[in-house]
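A, B, C and D label the chains in the order they appear, each numbered from 1.
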Amino acid sequence: MTNDTISLDQLTGWLTRFRDLVTEQVSYLTELDSAIGDADHGSNMTRGMDAVLEKIQASPVVAVDELFKGVGMTLVTSVGGASGPLYGTFFLRIGTSAGPVSTLDAPGLAAALRAGLGGVVARGKAEAGDKTMFDVLAPALDAFDADLVVFSDISSAARAAYSAAQAGRDATAPLIARKGRASYLGERSIGHIDPGAASTSLLFQALAEILDKE
Amino acid sequence: MTNDTISLDQLTGWLTRFRDLVTEQVSYLTELDSAIGDADHGSNMTRGMDAVLEKIQASPVVAVDELFKGVGMTLVTSVGGASGPLYGTFFLRIGTSAGPVSTLDAPGLAAALRAGLGGVVARGKAEAGDKTMFDVLAPALDAFDADLVVFSDISSAARAAYSAAQAGRDATAPLIARKGRASYLGERSIGHIDPGAASTSLLFQALAEILDKE
Amino acid sequence: MKKLINSPETVLADSLIGVAAAHPELRVDHVNRIIYRTDPTRAGKVALLSGGGTGHEPLHGGFVGVGMLDAACAGAVFTSPTPDQMLEATKVVDSGAGVLHIVKNYTGDVMNFEMGAELAAAETGIEVAVVVVNDDVAVEDSTFTAGRRGVGTTVLLEKIAGAAAEEGRDLAAVTAVARQVNESGRSMGVALSSCTVPAAGKPTFELAEGEMEIGVGIHGEPGRRRVPLAGAAEVARLLVEPILADLDFTGAPTIVMVNGLGGTPLIELYVMYAEVRKILEAAGITVARSLVGNYITALDMAGCSVTILKADEDLLHLWDAPVNTAGLRWGI
Amino acid sequence: MKKLINSPETVLADSLIGVAAAHPELRVDHVNRIIYRTDPTRAGKVALLSGGGTGHEPLHGGFVGVGMLDAACAGAVFTSPTPDQMLEATKVVDSGAGVLHIVKNYTGDVMNFEMGAELAAAETGIEVAVVVVNDDVAVEDSTFTAGRRGVGTTVLLEKIAGAAAEEGRDLAAVTAVARQVNESGRSMGVALSSCTVPAAGKPTFELAEGEMEIGVGIHGEPGRRRVPLAGAAEVARLLVEPILADLDFTGAPTIVMVNGLGGTPLIELYVMYAEVRKILEAAGITVARSLVGNYITALDMAGCSVTILKADEDLLHLWDAPVNTAGLRWGI
């Protein structure tokens, strides 16, 4: 079975699953941040995603842009740190790109995600190899697009994105951090996976899982 | 061989040996004070006795009263805490009792030590069973006197005093402290040897050893 | 983890209740987690706003008051506050003369303050100026990194810029003074232990008995290198030398701070101060003012930092001006 | 042991060098280890002298200055100073109006101050009065023990008696105020960790991860009992209830201090203060003044103490009077 679109419900499911995954992995994310940061990435992400789910449950939405603008603003106003503005801007831009629709087709989702990445870059100025969430987001979106060209299946594209995300996450380990808190460590950042890269990989895991359900 | 007197040199040797013993046992004394006090008895005693030996070496004396008044004043002005005034007064009173002599006979030493005990009591108001250095000093002096009556030998009396001192020291363990810092612990002071009792027992060990040398 | 808290989730809210109860001269907005002076900003006075993650107390909330900050936004532990907090505080403290945002140079802090300023620009006509503090010589300053962290100089900057604002200088002048302080201040820190973030529940890193971390910041993050523990004189040398190598402090009066990171007793800070002074004296550097104590901390981290500020007559005059905050108070 | 010191033997001397360097308004006698105000006691002003073992900083040296102490004698770590120090300081600070000795109730402190006063009486005509602080409700007060320890109330007493002296009250009146404070103040402390005496090199006692000591003093000594670690609300209850059971604080304004023992971050002290206030409110007790911070510490011990002082108009007036010391400063 191939899928062409992702519904508002599935997008909500994506966010819910992401919340569950960061909650499951909260200690792992904090552990990664302890090694090269300040030991708060796990609690930052769970605090933010808990707030997102609370907001979604409290005020149901009818359009994709409404959903993601709400998610983005909630993250911006509840997380703080580096991940708050970055994840927040990511979702805000997804909302703007998607527009007032109730489903997204595969190219629409691809465009929205890429707009999100653009937001992350606009905010954080990260480049490839800086050892940040960029190093997961960028290859994951490239894989999503490439898979889509070949198979025209949104689930398959999401699985491809998740694979690339995992590879991107693991590939942050040997890098010297050049952005964010880990950059203070210089060479001592080598050998550790970037915490934001790890949480972003969970974001693609959530997307792949939710689309596989159908 | 029996001995009747203790010379100024031997008295100096006593103090030197006491300094060496508290230095050897510094961790033990502090350990005891950690359990029921504030972990400074070892350093208090070594600081004081180091100052005493320095003073003795710097300004040689010709009379017993001069020696012990100097020792007492040095302890009073270099130790602080509870042990400073108590050991200080002990030696000050020994000096006063001994007078400007160059040797002490056995009864003279007994009287001087008892005057020292009187000073400790005047300062600290301790009674038998309060779990303090009194519980070593008092039985040690009683044993000294009793042995002297029987054997008329100052070395033998010192050995008897040391035996009684050790017993007195060990007998402080089951007591509830009623004086000094350990009294704050109430029943929790039970089961621990009093640090001042332990250092006072070293004082009699030093005396016995120095008199045995002849 | 051993902490006097009710739970990691409530530690910030609970502590703000305590701050409000202890300091009638402060007003706490518990919803937005902002600490204000009780009296509104005097008309015409430039307002000073700072903020950052919780865990550095007394910074910043303890520096709100006459002669220093007008408000401080509190984030979660070691996490910068959010743009909506900065927006709200900016609106409340502005008296028409503009608001200076004092931001420590961390990616999170910079981005959140930036977004707060963007929101303020979009929503209000309030003039906002920004100074980003980046004084930590432990971090290599390079265009390929996030740059140097903002640490000890932040305290001196908030005091001095606060005095300039209190004197009635305008936003441009207050900002210029703040920039001058940032450009003239350098810091370096050492940790004897890590610290425990409440939500993490265990120390951020482990240090063996005979080790210390040189070049730590104020977030319990690992530093530049781990070296064998040394005596105070040697530790002072390891902290002061990189500072002196980075900026020439001769020929001007300096303000020197030995700052405790939270878990180190005052007596040790004075021992360190004595050693720092010896080194500065030998290097021909004049110490005009001193500050020894816990001013910018990293929870319960054991260790200290040294900050040296190259001052001039104006900065000394502003330093000496009256200040009345929970964390720093004199002349008033 | 991890400490920023050169050696256990030199820690006191080194820290006094740091104090002298950091505080031009203080004069340090390094031979006798006494911290004085730089200006001699004003003619006719009663002089206040205190002192004690090192390791409780800012107490007492940090409280020397206008409106508080005239001098503080420093002993070795956790060891009271010696009689010759008290004699010397008494002679230096007396301006003819007499000297009040403020002594915390520990056998060593009491005996050494006593001998100091005896020497002063023998050598000089200086009038010396003594107040012995014994406010720790953790200790059973009985004629069969050394009595209660002097802890947190010492800080409030030094402030209030200092103001009375500064106002020009005579020795009898200043002593009466000091006694009133002691009789009206009660404290109780808790430790989450022990502390490490430099010369001992390891913690005085060990506390397991899930345990705390209730009823500790300020010398790293074990407390009354060891109980499972609890949240801030419950810890506050364990500290405040024995205090309220010991003295009736209703119907009078109180001064409340939440004091850190050295290793506990300020944020936790504010959390504790919030909980203490809730309990006092529920008990109908009026809090007129608050103090939250590290004022009387036990080296690096983690934990805190609560002190409640039943005040009246006069004590509040004296509390509010200007004070200018390294550790406590306002109004001046």
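Everything that follows uses one rule, which is that a residue touches a chain if its C-beta (ideal position, glycine included) is under 8 Å from a C-beta of that chain, and two chains touch if they have at least 3 such contacts.
Note that the structure is a prediction, hence the values are computed from the model and not measured.
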Label-sorted list of chains bordering both chain A and chain D is C
Averaging C-alpha coordinates per chain, one finds the centres of chain A and chain C separated by a number of Å equal to 32
Averaging C-alpha coordinates per chain, one finds the centres of chain C and chain D separated by a number of Å equal to 29
Whole-angstrom distance, CA centroid of chain A to CA centroid of chain B, is 75
Among line, ring, star, complete and other, the chain touch graph is line
So the complete set of touching chain pairs is A-C, B-D, C-D
Per the touch rule above, chain A residues touching chain C in the complex are 30, 34-40, 42-44, 47, 76-86, 123-124, 177-181, 183-186, 188
Per the touch rule, the chain D residues reaching chain B in their complex are 8, 53, 75-84, 106-108, 111-112, 114-115, 138-140, 144-146, 149, 197, 199-200, 204-205, 217, 219-222, 224-225
In the complex, the residues of chain D that touch chain C are 2-7, 11, 14-19, 21-23, 54-55, 57-58, 62, 192-193, 207, 209, 212, 229, 231-233, 235, 262-275, 277, 287, 290-292, 294, 297, 299-300, 302-304, 324, 329-332
